[in-house]
Amino acid sequence: MVSVTVWNEYLEERTNDEVASVYPDGIHETLASGLRERGHDVRTATLDEPDHGLTEEVLDDTDVLVWWEHRAHEDVDDEIVERVCDRIYDGMGFVPLHSAHFSKVFKRLMGTPCSLTYRESRERERVWTVDPSHPITAGLEESFVIPETEMYGEPFSVPEPDQLVFVSWFEGGEVFRSGCCYQRGTGRIFYFRPGHETYPVYHEPVVLDVIDNAVRWAVPQTDRTVSNDNVAVDSLE
Amino acid sequence: MVSVTVWNEYLEERTNDEVASVYPDGIHETLASGLRERGHDVRTATLDEPDHGLTEEVLDDTDVLVWWEHRAHEDVDDEIVERVCDRIYDGMGFVPLHSAHFSKVFKRLMGTPCSLTYRESRERERVWTVDPSHPITAGLEESFVIPETEMYGEPFSVPEPDQLVFVSWFEGGEVFRSGCCYQRGTGRIFYFRPGHETYPVYHEPVVLDVIDNAVRWAVPQTDRTVSNDNVAVDSLE
Amino acid sequence: MVSVTVWNEYLEERTNDEVASVYPDGIHETLASGLRERGHDVRTATLDEPDHGLTEEVLDDTDVLVWWEHRAHEDVDDEIVERVCDRIYDGMGFVPLHSAHFSKVFKRLMGTPCSLTYRESRERERVWTVDPSHPITAGLEESFVIPETEMYGEPFSVPEPDQLVFVSWFEGGEVFRSGCCYQRGTGRIFYFRPGHETYPVYHEPVVLDVIDNAVRWAVPQTDRTVSNDNVAVDSLE
Amino acid sequence: MVSVTVWNEYLEERTNDEVASVYPDGIHETLASGLRERGHDVRTATLDEPDHGLTEEVLDDTDVLVWWEHRAHEDVDDEIVERVCDRIYDGMGFVPLHSAHFSKVFKRLMGTPCSLTYRESRERERVWTVDPSHPITAGLEESFVIPETEMYGEPFSVPEPDQLVFVSWFEGGEVFRSGCCYQRGTGRIFYFRPGHETYPVYHEPVVLDVIDNAVRWAVPQTDRTVSNDNVAVDSLE
């Protein structure tokens, strides 16, 4: 059981009828509900809350932060981005989903533009496991299908993942490195591509199973923290 | 022959007698001189120049940017940091030296605090090659000595290098991953630890040989650029 | 200009009419011809020659060894496998193609079963560049098509590549890590999946361009050799 | 609690008084004892037993295999090497210690010579953690000392580790990548350098703590097995 915070900009569910019909309670509630069913202790936080819902107290109580961001990248406060990154450096797990590849937090952790190609075309995606021993792939078949989604294609301008877990196939001809593990400081990061605000991807049990696995994998691994400053030390020998 | 720009904050050489006695023409001129002897076309740029000497024209003509920064981390203009990173994403090589591990540019590319332990103690460092086939180690012995230096120790909070080229031994008991290769976008980065403003490290031929090798390794590999934006594409199949 | 040896078991071109019609001079001659056109100095060697054509003299004069093997895995003499691996450890490049993933040499270097899934179905493959700065991708479009081929699918039981250069899309729904770089000792290895003895894949200019790039990338990087034995040394400090 | 088998060639403890005085019950019993104290279910196996003690039944019941080998590399039966590697490909963990870097099993999994430099000089080693979030470093200080040991130095001709956990400092001036994680098939491998048959390294609590951590990290991650053969499959799309 992991203490999870699911963050969502929570805008289009309230302004766009198509999105609202797919996620009437908000993407955050859909994800939180799926993670609670899978045994986790989940709170949610949204952009319009004070501190975007990510106060020091909330983060003190967060093992893993799941992140949905689609349009409001520039509206996330730099101070909160800094606060979240500091927690990740000190061990908090981070699971950015789909369009969150373009969030300030993820770009900051990657140090690259994190750009990609895309196509809004309601097409088929097949997600393949390329590392069948990775804990994030536990319980999955060799591949699973997302029947309707938005395509993401290479090149994906991220650093080479520490571990590449999934690669996706799209009916339009593209491939994409859709499950990528990174470590920054002592925090684990798992970028997971499937999703879109106009398709019911986060209602798919297999997608929630992966996010469940990811949350368990991303838990803090140590109590040690990473220093922001350089530390003067004495000679040992 | 590589077109190199050597950047230096160039402060302590002009304010501190000890530093001035070791690098009377500035660290940038010492490095530039060593690189010119080794066949490169080298210009220099310093903090106090307009745009810190890193105008679009200068960067247009820079294959590899070598960077010395010690104290003035906060004084480097964010817009210039952005400009330099954009060029690296598009293929410009970057060779940060010693205390530049704490520069805005390097921290931005790494996405981590980049902190370490240190000791100012005029102690001995032995730099070992751990990957003898890496082009950056061309022509070197298995190890070389820096007789007097400031110690840097682990943990060094950077992402795991794409390739680890050198590991240093310090007489005080520490080790340090002192030669680390990364790729960000299409740009190559080589962090090289040896140096210090009060020791003549950049007068050592072997150190200049490594920086020479690094500059040759870090040259732009492609004309392709990395998009800052996501690109909408049509189906191929 | 690289000194290349192209090795081929050279069996099916002489026993199977379908293969003979696609590669009347043997796959080795098709590859050699394409590489000579691209500026290299190329010899060929086949299974039935003494020492499989891989004498010490031939290997002395080989910068990069390109390898085609399809069925005769068990017929490659263990002593020759050992000899080839020793040369790779000392810097000779190795470019195994397609079904050579199952060769004794490649399996030996990987230390894993190197198994995969496959389908003989004359289907379409699209090869995507995932690392556009990698020298092996020089001059290529973002993707290229092999109109008819045999499918290879994940999981591909190899170690995680040091660099993943290409990922393939197959019309039947699979993906495959089709361009994988490794280093063993001081030798560079590039596994490249496209090919098949019954399809004219090695007549495709783009495929020969990739093998050309691979050969240039895989050249020996150093004169240093890797010791087969542990070496007793004196203290340095 | 992990089901561990500790394998030892068990020769020098019975033929060499110096070794016998340090490990009177054999290195395997010293390791087994330390691991039992730390909560594991441990059996031992030695070279001179039938099948070197590594029958299919024993391996069926082994989550992680710890391996001590010093001189008898050539006496390990190739069929047993094959059997052990097959189990590792299918998920069994493998923890080779010290001179086991030169074992047939480890060399087979690495695909390289695995050579290094060494010096028998009763010198001091300091083992540094370079990845403080790695589970294998749980509960450790930033560094720990082995007061008397045999030196191992770079270059260590192994593939670049998937994760580098420890780097050692030696008073004679060398460094060594002393804690290296790899994955082969679905099996996890942790090479740990400290040890020697004439020094009481395996009586040191901190060394046993690391091996304990390693054993917990290396447990099988999945029930999936890796195929030794290529598998023909039907089209999915």
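As written, the chains take the letters A, B, C and D, and residue 1 is the first residue of each chain.
Note that in this section contacts are C-beta pairs under 8 Å (C-beta built on N, C-alpha and C of every residue); 3 or more make two chains touch, one makes a residue touch a chain.
Values in this document were obtained by computation on a predicted structure and should not be read as measured data.
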| item | value |
| --- | --- |
| Those chains which touch chain D and also touch chain B | A, C |
| For chain C and chain D, chains touching each | A, B |
| Equivalent interface positions on chain B and chain C, same or different at half | same |
| Chain A and chain B, separation of their C-alpha mean positions in angstrom | 32 |
| Chain A and chain D: spacing of chain centres that average the CA atoms, whole Å | 35 |
| Where chain C touches two or more other chains at once, by residue number | 126, 132, 143, 153, 155, 160, 171, 173-174, 183, 185, 226, 236-237 |
| Touching residues on chain D, where the partner in the complex is chain B | 126, 128-132, 142-143, 153-156, 160, 163-164, 167-170, 173-175, 177 |
| For the chain C and chain D complex, residues of the former touching the latter | 89, 102, 108-113, 115-121, 123, 151, 153, 155, 157, 159-160, 162, 171-174, 182-185, 226-237 |
| Chain B-facing residues of chain C, complex | 91, 124, 126, 132-135, 137-138, 143, 171, 183, 185-188, 221-222, 224, 226, 236-237 |
